[in-house]
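The two complexes that follow have chain A in common; it is paired with chain B in the first and with chain C in the second.
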Partner chain A sequence: MIDIIIFIILLVLGYGFGRLLETSHYRSILRREQAFRGILLIATRTPPPDLIPRKIQLVAGNVVISVDYFKRFLASLRNIFGGRVQSYESLLDRARREAILRMKAEARALGADMVFNIKLETASIYKGHKNTIGAVEVLAYGTACVPHNREA
Partner chain B sequence: MEYENPEIPEGINVSREHPLKEFAVLVGGTVALILAIVLILGWLAESIATRIPFSYEQEIAGDIGHDVSDNPAQAAIERELQSLAEGLAKHMQLPPEMRIRVHYVDDDTVNAFATLGGHVIMFRGLLEKMPNENALAMVLAHEIAHVRHRDPIVSLGRGVVVGLALAAITGVSGSNLSDSVFGSAGTLTALSFSRNQERAADTSAVAAVAAHYGHVNGATAVFDLFSRLEAEHPLKPPEFMASHPNSSGRRDGIAEQADLHDWPTEGILTPLPQVLQVSE
Partner chain C sequence: MLISNLEIVPGRQVLKHLGLVQGSTVRAKHVGRDIMAGLKNIFGGELVGYTELLNESREESLGRMLEQARAVGANAVLNVRFTTSSVAQGAAELFAYGTAVILDDEA
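So, the complex of A and B:
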């Protein structure tokens, strides 16, 4: 019985804090995405031939986000029924966007206005009991181009 | 060359469904799945378990009760209980190979139960609360009826099969979270004999008591006693309650049986034999 009570408390805490953090994180992501709209992200491997940047440099952004108890429980139930693991979708979406934003922040600090050859890497850095993913790491990296008319 | 990053609309990579809705659907589905498994497998196990020969059941039971006490007083109580049980069993159409063995445990626990292999365990805590032999006979006959109906092996079969199935499911789901939840759900369902089993045991027991004494006076008194104990200790009801719920409902069931078969509800109560009048 005590097990069930602890479980329900953890579930409620997980839901409450998870929801709160996710909402405020998304608010921050949306605000910063607007702020960094000036920096273009290009997936091609090389800059266009007519662009002659003053300087190019590797930029990277890295983030680790943990999943809350509630989401983990939802995902474990999904293992029985199948279907979209909705509780992890927002986790990965947040991590991806946050990593890109951190990379963009680094690019802005250099004075860059474009980042080429964007790559994203994802890793579950902590596998909990019985391989339940506990936290996810997303690394975003690319080549920042600093134009001639801009100073770092 | 012109480059641009158009604004990507929200909600492409993330489902906007409310997580509580998903939670409700998934938990509801899981509970329904477990209930279906417990019901179907439990039913299958029950129908198979009653076909297991009693001699196998005795083998499973193994050494229960072989540690007969050296204490002569305790052995005397056990003998007395055994002879009362055998007297009752004569009226219960037990199959020839089914032997009842009563064991007495000198412990405060207010309980009596039947287990595998025809063993019936009686605790001092319950025996010392028995007002007369008729009440004791009702309790013993009830436990003998469980043996007669093969309830212990049915329970065991149900518990094992359902437990295995749940272990299989939670193993697939791969999470200790679901383990803990479904694990306890499983034990709750396999905790004791079902209400129907209890009722059937009551019916057989009261018939045996009626045949043994010629009346059922004292039989219903057992449940009055339990209801009283329950009321006296609402926070810590006797263990007998946990495994034998709903005393007042069962009391009415017995009264109904007596009515149906015209068993006299009045009659001379037999006092407990001297040796069974125990106290701490």
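So, the complex of A and C:
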């Protein structure tokens, strides 16, 4: 009995706080994405030959985000029926966008306006029990190009 | 020392290739952070402690790679890649590698 009560409390807490944190995180992601629009992200491996930047440097951004109790429960249900696990999709989406934003912030601090050869790497670094995903880390990195006409 | 994950540096030439340089570090998290992470596992959200930990470790593996590059006399490391793998429960390996080169002087 006590187990069930604890389970329900955790579920409610996870749902409430998880939802709150996710909406506020998405709001801040959207706001910052707007602010960093000026920095171009280009996934090609080499910049065009006629582009000679003043300086290039590696920039990176990383974030570790944990999934909440409620979503993990939903995902374990999904494991029975199969199909899209939307609760994890939003987790990874948030993590990727956040990592990219942090990389962009680093690029802006250098005065760069383009980042080439973007690589995204995802690792699940923390396992909950029974090997469920606890938290994912996303690392975004690339090479920032600082143009000639701007100061670092 | 110039670090980049591009294969060439625009406007500059590679004079000499010096081969692969690498740096790695294996880090474990401490108990305090683990407890916080356990809590966060209920509520969701960013694990700031882990983010910092992994960031620091990555800096360290990058530092070790640079040390090697300096030892072979390079002035740049190109095509840098990072990989993360969890080698054991609660420990992660951060690995950075790239090609050490000597670039011509800046024009």
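Methods note: the second predicted complex is superposed on the first by the 152 of 152 C-alpha atoms of A that agree within 3 Å, B and C clash if a C-alpha of one lies under 4 Å from a C-alpha of the other, contacts with A are read in each partner's own complex, and residues count from 1 in each chain.
Following the convention adopted for this analysis, a contact is a pair of C-beta atoms (placed from the backbone, for glycine too) under 8 Å apart; a residue touches a chain by one contact, two chains touch by 3 or more.
Note that the structure is a prediction, hence the values are computed from the model and not measured.
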- Putting chain B and chain C onto chain A via the overlay, clash or fit? fit
- Message: Contact-wise, after the overlay, does A:I5 reach chain B, chain C, both or neither (first, second, both, neither)?
- Response: neither
- Partner chain(s) touched by A:S90 [first = chain B, second = chain C, both, neither]: first
- Message: Quick check for you: in the superposed arrangement, does A:L13 touch first (chain B), second (chain C), both or neither?
- Response: second
- Query: Of the two partner chains, chain B (first) and chain C (second), which one does A:E121 touch, if any: first, second, both, or neither?
  - Reply: second
- Where does A:L74 make contact in the superposed view: on chain B (first), on chain C (second), on both, or on neither? first
- Partner with the higher number of touched chain A residues, chain C or chain B: C
- Query: Should A:L41 be classified as contacting the first partner (chain B), the second (chain C), both, or neither?
  - Reply: first
- Note on the structure: In whole Å, chain B and chain C in the superposition are separated at their closest C-alpha atoms by 12
- Item | Overlap of the chain B and chain C footprints on chain A, listed as residue numbers | 51, 69, 71-72
- Message: With touch defined as at the start, can you tell me which chain C residues reach chain A in the complex?
- Response: 2-11, 37, 40-47, 50-51, 54-55, 58, 80-86, 89, 92
- Message: Show me the residue ranges of chain B that touch chain A in the complex, using the header's touch definition.
- Response: 1, 3-5, 7, 13-15, 17, 19-20, 22-23, 26-27, 29-30, 33, 169, 172-178, 180-181, 184
- Message: Looking at the complex, which residues from chain A come into contact with chain B?
- Response: 1, 3-4, 7, 15, 19, 37, 40-42, 48, 50-51, 69-74, 76-81, 84, 86-87, 89-90, 92-93, 96, 114, 129-132
- Item | Residue ranges of chain A in contact with chain C within the complex | 10, 13-14, 17-18, 21-22, 25, 45-47, 49, 51-53, 56-58, 60, 62-69, 71-72, 98, 116-117, 119, 121, 123-128, 134-135, 137, 139, 141-143, 145
